[in-house]
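You will see chain A twice below: alongside chain B first, and alongside chain C after that.
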Partner chain A sequence: MEKAAAENDDSGSVSLLVIVLDTNPSQRIVRQNPDNLSQCLDATVAFGNAHLMQKAQNKLAVISCHHHATDFLYPMPVKQLEVRQVDGQYEVFSLVEKTVKQRLSHIITNAPKITQPNESLLAGSMSMALCYVARMQRNAQPGVKIHSRILVLTGSNECASQYMTYMNVFFTAQKLGIVIDVCALDKSLSLLQQGCDITGGQYLRLTQLDGLLQYLLWVFLPDPKTRQMLVLPPPTKVDYRAACFCHREMIDIGYVCSVCLSIFCKFSPICTTCHTVFKVPGPLPPKPKKKKKV
Partner chain B sequence: MTDYKASSSSSKHGSVSSSMPSSLLVAKPANLQCKDFQEYLRTRSPDTLEKLYNYPTICLAVYRELPEIARQFVIRILFVEQPVPQAVVASWGSQYYAKEQASSTNILTELNVWRTTTIPGGLSAWELCPTFKKNLKIALLGGGKPWSMSHTLEKDSKPRDIAFLDQYAMSRWRCVLHYMVGTGGANKGQGSEVISPDAVRILLHANLMKRDETGITITRQGFQFLLLDTQSQVWHFMLMYLDTCEERGLSLPECLSMLFQLSFSTLGRDYSSEGMNPKMLAFLQHLREFGLVFQRKRKEGRFYPTRLALNVTNKAATVPAVVLEDEKSQESGYIVVETNYRVYAYTDSPLQVAVLGLFTELLYRFPNLVVGVLTRDSVRQALRGGITADQIISYLEQYSHPNMKLTESAIKSKSPLPPTVVDQIKLWELERNRFTYTEGVVYNQFLSQADFITLRDYAQSINVLVWQNERTRTMVVTKNGHDDVKRFWKKFSKNAS
Partner chain C sequence: MDHHGEEEDPKEYRWETGYEKTWEAIKEDDDGLLDGAIADIIQKAKRKRQAQKTMQNKLGMMRHLYLMLDCSESMSVPDLKPTRLLCTLKLLEKFIEEFFDQNPISQMGLIVLKGKRAEKVTELTGTAKLHLKALDGLHKINLVGEPSLQNGLDLALKTLKVVPSHASREVLIIMGSLTTCDPIDINITIDALKQESIRCSVISLSAEIHVCRHLTQQTGGTYGAVLDDSHYRDQLLSHVDPPPAAQTQENSLIKMGFPHARQDEGKEKDPPLSMCMCHIENADEPSKITSAGFHCPQCHSKYCELPVECQTCGLTLVSAPHLARSYHHLFPVQNFTELVYNGQAAICYACQKPLTEATDKNVYRCEACSQIFCLDCDIFIHETLHTCVGCVTIPGAAAQVHARKPQAPPMGMLLGSSLGQRF
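Coming up: the complex of A and B.
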C-alpha cells in the first residue's frame, strides 16, 4: 500500500530543469578557443535531452546569458519550430537541438560588438529562470507537483556587483523550493556556491572541458530525490563572505547598517541604501578608569 | 470404531487457521492481470529482446520504464567504451539504498540491457548490450535511419486540430467499450457502429468477453477492464493484440516499434505512411479502428496519431501537467462524490451510467445527470463480481469533477474523494476477507474420547491439525498431513485391538 502511494506520488510530479548557459564571448575559455563554446553547447543539449529522456513528463528550458541580454534558447517564446525527423533521433530531442542552435546563432549574430571583456548577466538570467519556473507552477494542473531546478553553466568570473540580485535569487529559490546547481567551468565561484548551499544544490568546478557531458550526467542529471540514492561529490566548505555594498568586494569584517543591514567595508556617515544618518564615531572613548578600587 | 470421511472442503474461521498453511481451496475468481511494459518484456526470451532492441524507439521506451537508479547507471555507462567493473558500478549507489540498487541491477540483467563480462585482470564487469547501446544513442543524439513514418509531407490542406483528434479517438474507443457492455448492439441501426471481427477476436482472446449460448457476453474480467482508466485499457488491449499478431503474420518487433513511434509522436501533427510494408499498413488500419490514429481515407498516405497512442505505457504523462494559455484540457471528470456517499455524475452516456451502476445504487436519472448512492449492498455486489475496492476508488478518482480536485481536503491528501468514503469502501472489502480457506480432511465419529485425544495430539505434534472440537469429537487435518495421520491411526487401532 505504502509503495503504491509512493508510486502515485511519483506519477503526479513533473521535473522541470532550467539550464542557464553562459554564452558570453568574454569568458576566458571562449576567448582562448572559440570551439569550447560549441563543445559546451553540445554537452548542454545532450544533457538537456538526457533529462527529457528520463521521463515523458519531464520539462526543459534553456536560457542563454549573454553580455548584453538574456534570452530563451528553448522553448521558443511563442511558436515552436516545425521539425521533422532527419535521422533516428527522437523528434522532441531534434526539436531541442535545432531550436537551441538556431536561437543561439541568432543571438550571437545580433549581439553588439564589444571591445573589452564584459561581465555576464548571470544573476539576471537566473531571475528569468525563476520567473519561468513560477509561471510553470502557476499553470500547473491541480494535483500536479512540479519539482524545479536551475543549472547554471558558466566560465565567467562572478562579479560582486550583482551581489544583491544573487542573494534575492537564492532566497527566492529557497522559499519556492527550487534547487540551484552550479557547474563552474573556469574559476571557482564563491557567491554561486553559497546559492547551491542555501538551496541544497550541487556545486561542481571543472578544471578542464574534456568529459563535460559525463560530469553533467553524473552530478546533475539525477533529480534531488534520486541524489540521496547515489554517491555524489561531497560538499566542500562554503565561503560565506559577503560583498560590501560600496565597492562590491568580498569582505570578512565590515560595517553593518543597524536599520537595513547593508554591509560596508568602510564607515560612511549616511547609509547609501536607506539614508539613515549615523553618529560619527569620535576617537574611541578612553577606557573607563577603574575607579572603584576596593 | 472410527470412520474418517474425506471431505472436499472445510472452511475455518481465520482466528483458528491463521497459523496454518492455507492453500487456496476455493479457486479465486480469475482477475484481470494487467502487465506493465516492463513485466511484459521480462516474459520475452533474450532473442526476442535482442530483436526488439534493434529499434531506437523501443530502446527509448524500455529506458523510460527502468527504475530510477537503473536509468542513472545506464546513462553513465552509455558513453563509456569499455566494460565497467561491477565494483565500480556498485560504488555509485549509496549503501543506504542497497536494496533498490540490487533490484535495479537485476532488472537490467533480466531485460538484457547489460550483461556480465570479464575484463583483463579477472574482474567481472558490466557491459551494455551493444544493440541497445547503439540504438539508445541514436535516439538520444541522432544518426541512423529516420523512423518509418517521418517522410516529409506536403502541408495538409485541412489540418486536424487536437480537439478534433481527441473527440475522434474517444468516440472510436468508446465503440469498443460500448460493444463490450452491449449498449452498442442495443441500438443497432441507429448509426452506432459495430466493431470488426478482428477486434471481437481480441476481446475473446483477452478473455474480456466470452462466447456462450446467447452470443457474446462480457466476462468478470471485462467489467474490471471497464473500470480501468482509458490509458491502461488501451495498453492492455494492445498487449493482447500483440499476443495474436504473430498469428496474423505480423512481426512483433515491427508492430511494437510502430506502436512506440506513435507513442513518441507529437499530438496534432500529421505523419506519413509512405514506405511502410503492407503488413504495417494493415496494422495501421487496426490502430485506426481503435482510434489510436486518425486517417481520413484508408488509402491516404497521411495520418494523425491521437492522444490514445501517445505515451501508451505511461498514464501519468498523457494529461498535460502544465497547461499553457493556448492549450486546454479536453477530457474532464464528471463525477462528484459527497461525504454522504451520494454520487452525482454529469453524463448522458449509457456506458458511463452502466459502469457506475456496477457499484452504486442509482436513484435518479436526469437528461444530463445521474444520481446514485454508494451503499454497503451495492459495493458488496461489485466486490462479489470480482471488482476490487481499489478499482472502484481509482475509477471515481479518475473521473472526479475538476471542482472536486480544488477542495481543501483534495489538495492536502492528493485524492479528490472524501476520505470517509474511501475508507468505508476499503472496509467493506475487508469485511469479505474474514475467511481464509484451508484444504483439509475431517475425522469424526470417534468411538471413545481417548481415541480422539490420541489422534488429535498426534496431529498437533506433527503440525497438521487445522481445527478440533472435543465435545463433538471432530477434527480437521490438512490434506498433506492426512496420509501420516491415517497411517498412525491404522497402527494405533491395530495395537489397541
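Coming up: the complex of A and C.
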C-alpha cells in the first residue's frame, strides 16, 4: 500500500499531451458550418487547459494539420509570447489560448486557396507529434518519467494512401509506450481505430458536435491508468482482416508474396508488386496447399 | 570489420586498447571549451551504424533463426562484466525483443552448447515470450565442459532442413570458447549447411577462431569478434535486420490465414466458449475457457495470440498489421545528407528543437523534401519511425511517397477515392 501511495504523489511523473487538431477546411463539418471550426478550437483549448490544470508539471502541445502544412500551434519553438495576468486567470492558460489562436489565424491567412477538397495528412502530423514526444523523452531530467499521449481530433475521412505512414506511426508509438486516442468528429475511422487498439488508447466517434468539450473531458482527460476504473464507451471490435491487393476484397485466407509480402486472393505466377516469378506448385492446376508439406 | 587478429599492436587486455590516448581525440574549440568536441564524438558514433545499412531489394523476410549459445566453462570469464554469460543474456533479451519487433512473421529457436552436447531449449516459434522465459532460466545454468560446434550445427540443421524453401534459414552462434570438441570432421557438417543454404553467423567473445571464420565464409554469414560490451551490442543488433535473400531461396506465394476476433458477424449473441490450442498442452499455464481469441479460418482452431502456425492444419495465421510492420524494410527512408550547420533553418522540422551553432555542428537534409532535421531526429526517423516527417506532411512530397508504397488494404468503406492508384 505504501508503495502505491508513493507512486501516486510522485512528482517525478509528468504527463505530456499532444493534441493533433485537424484544421483542414475541406472537412465536411467545416464546409457545412465554418463556426464548427471555432467551436472545435475552443473545446481544444479548454481541454488542453484542463489537462494543465490537473498537475503543475503537466505538459501540452497542440499541432494543427492544415491542408497545406502541419504546424505547431503551441508551444512556440523558441520564445513564448509574453502574457500578463488577466482577470486573475492562471498565466499559462491565457498563454495557451493566445498562442493557439494567434498561430492558427496566421496559418489560415497564409494558406494557399484550395480549389478542390484536399485530404488531411493526419499520419504525417502524428509522425511529427512522435518526434516531439521522442525529444521530450530524451531531454527529460533523470528520474522524471514522462507519460505521453497523442489525441487526434478530426472530421476528415482517412485516406488509404497514408496506410504505410499510419502503420509506422502506430508501431513507433507502441514501442515508445505512447497512447494514441482518437476522437472522430464525423465519419468513423477504421484505420485510426486500429491505432487505438494497438497502442491501448480510446476511440470515440461523436454523433453530435455540440457536446464536444463534455465528451473530451469525460473520455479523454483521465490518464490511461485512471481509465481502467471508469465506465467508458466499450471497445469496439477491430477488424484486422487483410484486403487483397488485386481486388481489394476482405479475405480470410490469402496468398502472400514471400519477397514483398503483398497479399493476393488467388494464386498468380507473377507478383504484381515486385515482379517476382513464383515457383508453380506442381504440374497440376495450382493447388498450392501441397507445398506446405515438405 | 574489426577483430583482434588484425590489430597491429595486439595488447594483452581489452582495457589496454580501448582507451588509449583518448585525449588526442578531444580538441578545444575557440573558446577553450570541450563540449563541442564531445558532442562531435557522440554524433559520429550514432550515425556510423546507420550509414552502414545498405539498401536491399530482396530480403529474406521470413526468417528462421536458431540462436546457438555457448554455455561452456569459458562463459564464466569476467572480461565482459559481470561475466560473459550474464552480459550475453542481458543483451540477448534486447535482441530477442528487437528481432520480433522488426521481423514479426519470423521464427526463432534457442540451442545451448555445454558439456560437449547440444540441447534445444526452445523450438522454433514466433513469440518472444517463450524465449525470454527460457533466457531467464539460463541465469542459473551450470557452466561446465567444452562446447561442441558440430553437435549444435547438426541439431540446427536437422530442424532447419524441413523449413519451407521460401524462408531464409539462419544460425547465429555466440561462442565464448576458443575450442570445440567435435565427434567427426566438422567440414562434413559445413558442407551440408552450405548445401541447404543455411546462413551461419558467429559472434566470438574471445578471439577469432579459424574454424568459425571458415564456417561463416562457406555459408555466407558474417563473423565478428567483440571488443567490449557496446561493440558486442552493435554486433548482435546488426543481426536484427533481415539479410539479403539467398540466391537459392525460392520465391513463392505462401498461403496465410487472417483470423478475426469476431466470428459471428451480424449475430448479437457472444461467440461460444472454447479453449485455445496454444495452451492446451501446456501444463504450467493451462488453457482458459473464454469466448475471445482468433480462429483459424480453415479449421476453426482457436489461438490467443498472433502470429502463429495453426497446429491442426499448418496454416500460418497473421493479421494485416503484422505484415505491414515488415513493409518498412522494403521501403526504407533514404539516408539524409549531412550538412555543416550555418543557419539553414531556425528549428528542426520534426521536433521543433531550436538549432544553434553551439549544440548542432551538423544538420541533416532529406533530399526528397529538403527539410532540415537535427541529429536526434535523423536517428529516430531512420531507426524507429521509418517515415520522413517532411515527406509525409507536405502534400506535394507526400503524393510521391504514397505512390511508391503498398497501398492501404483494409477498409472497404473508405477506399473509393484511392482505387485508381497503384494496385
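Keep this in mind: the second predicted complex is superposed on the first by the 238 of 294 C-alpha atoms of A that agree within 3 Å, B and C clash if a C-alpha of one lies under 4 Å from a C-alpha of the other, contacts with A are read in each partner's own complex, and residues count from 1 in each chain.
What we mean here is this: a residue touches a chain if its C-beta (ideal position, glycine included) is under 8 Å from a C-beta of that chain, and two chains touch if they have at least 3 such contacts.
Remember, predicted model here, so these are calculated numbers, not experimental data.
Undergrad: Of the two partner chains, chain B (first) and chain C (second), which one does A:Gln39 touch, if any: first, second, both, or neither?
TA: In the superposition, A:Gln39 touches no partner, neither chain B nor chain C.
Undergrad: Just chain B (first), just chain C (second), both, or neither: which does A:Lys237 touch?
TA: The answer is second: A:Lys237 touches chain C but not chain B.
Undergrad: After lining up the shared chain so the two structures overlap, which partner does A:Glu91 touch, if you call chain B first and chain C second: first, second, both or neither?
TA: first
Undergrad: Once chain A of both complexes is superposed, is A:Gln102 in touch with chain B (first), chain C (second), both, or neither?
TA: Touch partners of A:Gln102: none, neither chain B nor chain C.
Undergrad: Please tell me which partner, chain B or chain C, touches more residues of chain A.
TA: C
Undergrad: Of all residues in chain A, which touch chain C in the complex?
TA: 67-70, 72, 77-78, 118, 121, 123-125, 127-128, 130-132, 134-135, 138, 157-165, 167-172, 175-176, 187, 190-191, 194, 198, 237-246, 248-264, 267-268, 271-274, 276-279, 281, 288-289, 291-294
Undergrad: Quick one: which bits of chain A touch chain B in the complex? Just the residue numbers, please.
TA: So the residues of chain A touching chain B come out as 8-9, 11-12, 14, 46, 49-50, 53-57, 59, 84-94, 97, 136, 139-144, 146, 213-214, 217-218, 221-222, 226, 228-231.
Undergrad: Hey, which residues of chain C end up touching chain A in the complex?
TA: Going through chain C, the ones touching chain A are 57-59, 61-62, 101, 105, 162-167, 245, 250-262, 297-298, 314-315, 319-321, 323-328, 330-331, 346-347, 350-354, 376-377, 380-381, 384-387, 389, 392-395, 398, 401-402, 405-415, 417-419, 421, 423.
Undergrad: Would you mind writing out the residues of chain B in touch with chain A in their complex?
TA: Its residues touching chain A are 56-57, 60, 63-64, 68-69, 71-72, 75-76, 79, 91-94, 96-97, 100-101, 135, 138-147, 150, 152, 264-266, 311, 314-317, 319-325, 329, 402, 405-406, 410-411, 414, 416.
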